[in-house]
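Chains: A, B, C, D, E and F, in written order; residue numbering restarts at 1 for each.
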Amino acid sequence: MVAGEGKLQNLPIILVVEDEEPLQEIVHDALKEGGFDVTTVSSGREAVAMIESGVVNYSALVTNVNLKGPMKGWDVARLIRQIDPAFPVVYMTGAAEDWAAQGVPNSILLKKPFAPAQLVMAVSQLLNTGSSTSP
Amino acid sequence: MVAGEGKLQNLPIILVVEDEEPLQEIVHDALKEGGFDVTTVSSGREAVAMIESGVVNYSALVTNVNLKGPMKGWDVARLIRQIDPAFPVVYMTGAAEDWAAQGVPNSILLKKPFAPAQLVMAVSQLLNTGSSTSP
Amino acid sequence: MVAGEGKLQNLPIILVVEDEEPLQEIVHDALKEGGFDVTTVSSGREAVAMIESGVVNYSALVTNVNLKGPMKGWDVARLIRQIDPAFPVVYMTGAAEDWAAQGVPNSILLKKPFAPAQLVMAVSQLLNTGSSTSP
Amino acid sequence: MVAGEGKLQNLPIILVVEDEEPLQEIVHDALKEGGFDVTTVSSGREAVAMIESGVVNYSALVTNVNLKGPMKGWDVARLIRQIDPAFPVVYMTGAAEDWAAQGVPNSILLKKPFAPAQLVMAVSQLLNTGSSTSP
Amino acid sequence: MVAGEGKLQNLPIILVVEDEEPLQEIVHDALKEGGFDVTTVSSGREAVAMIESGVVNYSALVTNVNLKGPMKGWDVARLIRQIDPAFPVVYMTGAAEDWAAQGVPNSILLKKPFAPAQLVMAVSQLLNTGSSTSP
Amino acid sequence: MVAGEGKLQNLPIILVVEDEEPLQEIVHDALKEGGFDVTTVSSGREAVAMIESGVVNYSALVTNVNLKGPMKGWDVARLIRQIDPAFPVVYMTGAAEDWAAQGVPNSILLKKPFAPAQLVMAVSQLLNTGSSTSP
């Protein structure tokens, strides 16, 4: 889905936290296909710093849960929500059970394996403002 | 996402109201990529007339809010909902704040800049009948 | 949307019940485009048998409602939900009215004609775990 | 909650299907407390007949699932939804598992034991038209 | 439901717009029973003035749609949402059809006749912050 | 709303964590009015111990956020969700902002001051299994 790519002067920028290279590429490619711009970092520390700096106006966080290092995806989301309580959050994990205890409200969890379309839809759903009950 | 294009004898037709040409093309291309047919008009007056005539069976309205001329996107949606109370409505705008006062219920607002995938998802979500809470 | 295809070692596999060949192809292509793997069968009986056997771990059911033979799509979904009460279900039909009486809870109905993107979004929405109210 | 009882010239009338007398009374009293009028029948056959006759304009169905006789609560709801596809349905049951396979979409299930307030809230939620995401 | 009445030092105050006296009383009594404080005015003009003044911190608007005078309930809600875009809104009306064209997003409509419990639930649902999908 | 009290052989039991005595009474009375049984403890430590022991089958947690001692309401909910990932959670707090960062998914937050009916509705909504989009 590359229609209009490069024509909208700016696109929503998604901040991705992922420390495994093949997954970085899959996530990057899926979001680019959906028409999003993507910034990828390898640690939660970097992600929080980038939100804190406020230099770039990110639209959503997509984070792996099981990051190497002390800061897990759960921590990244909580710290960013303390800065911006409405910040959209998507988690990626192989073990979905912990979301009910560790996730933040109004977030979406993608259980691996997931299709690229699920990631694009999760981000889109969190960004769209609206109320839609079925007709 | 052009799988099957031309094979389904008819596709849902989306009525787009947009008076800036580059945006017309972006919206058109994104919806075509998602597999929808698209009719684009430049004014709310035309859109309402086409729904009123009933000649074509449109599936959803996608309208810019800040149209030139007296009729804004908010007015287009209200007039069409008076004709068909369940008609799906997607607004596009740079200033999202007015939706809470001027939008119709069960509509979706896309705040610019948005990715093409967000538009496709907004229309799809309003067209799909269903109830899905997470498993 | 084929980003990353083949790179994730496994993808969610969608079980499709459709007995008309052109529709089999459209549904298959749309889901593959979204990044899902697809298994297509022509009867509800086969579908239920495959879920029962437990050999493959299917992620969701997409079923035509008006199947030839005694078992309609409504029956397929009910039988599979008796095996797995949380199994995601998408119906495809030209006559949407019966869903309120014959559908299972937390399912999505696609009324024909539908765009390929609607199918991909329906499946994605049922697979994603999460709670998202608009910001 | 008996405010205004008798002052509104008519109140919504809830059709209750329950064949155990103590439960009839509990359900009746809870709904009356909430300000609803109540008609109680002991079998699904009677309930369907009353909806079919159209003499009284019932607002919602509250049905026990495990009724004596051949017609279970699941059947009552499906038959009534064939007459009125938007008819609100609340099930009461001790064994909640079957809802995912046997329930109709957009229904609510009360698992016994439940508090009277849960019943009043279930009926109210199905009757109120609206879309409310949290502020 | 008068538990705790008078013990919480302050209660949420609901602003009611209703110009028929018997209905004023019914609405007042139902909300008091639920534990809310109530301020009733007879015109939309007064309601908007009270929100604008900011003297009292109202928690929600409950308005009849068919008010005497030029300002209908639809107008009251739109004007108040321009002041506070997240203000909770409940409409009361005998003719529910117009809500889809004239209502604001994230509002609830009570179709007459309604039970007092429906009013209490509508207000409570709009005030509670949260996300609850069924377990 | 005391209809049927004592007639249902058991009622859902709500576990309340509150360390201020007047609030204990308000919460207790509101829930009893709604027809729930109530167990009140003064610390999160006790609450977690009671869920862990499994002696009583509690239906939901209602917890003040700002508890004295080291364990806040946020911690209580996370610990209990690690034991039972679907356990219904209602928070009560004067400062609502932290919920987006500290709350668990699928929980409800009551911002003080709240009416007793809001508490009863929050608990009921989390207990009721169902999917209800507006008719």
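As a convention for this text, a residue touches a chain if its C-beta (ideal position, glycine included) is under 8 Å from a C-beta of that chain, and two chains touch if they have at least 3 such contacts.
Fair warning: this is a prediction, and the values are worked out from it, not measured in the lab.
With centres computed as the average of Cα coordinates, no chain lies farther from chain D than A. The greater number of contacting C-beta pairs, out of the two interfaces C-D and E-F, is seen for E-F.
Comparing the residue numbers each copy contributes, chain B and chain E share more than half of them at their mutual interface. Separating the CA-averaged centres of chain B and chain F is a span of 42 Å. With centres taken as mean Cα positions, chain B sits 26 Å from chain A. Chain contacts: chain A has residues 1, 33-34, 86, 99, 105-107, 120-121, 125, 128-134 touching two or more partner chains.
Only residues 1-5, 7-12, 33-36, 120-121, 123-125, 127-135 of chain A touch chain B when the two sit together in their complex.
By the touch criterion stated above, chain D contacts chain F in their complex at residues 1, 22, 25-26, 29-30, 32-34, 86, 88, 96, 99, 105-118, 120-122, 125-126, 128-131.
Chain B makes touch with chain E in their complex at residues 78-79, 81-82, 85-86, 97-107, 133-134.
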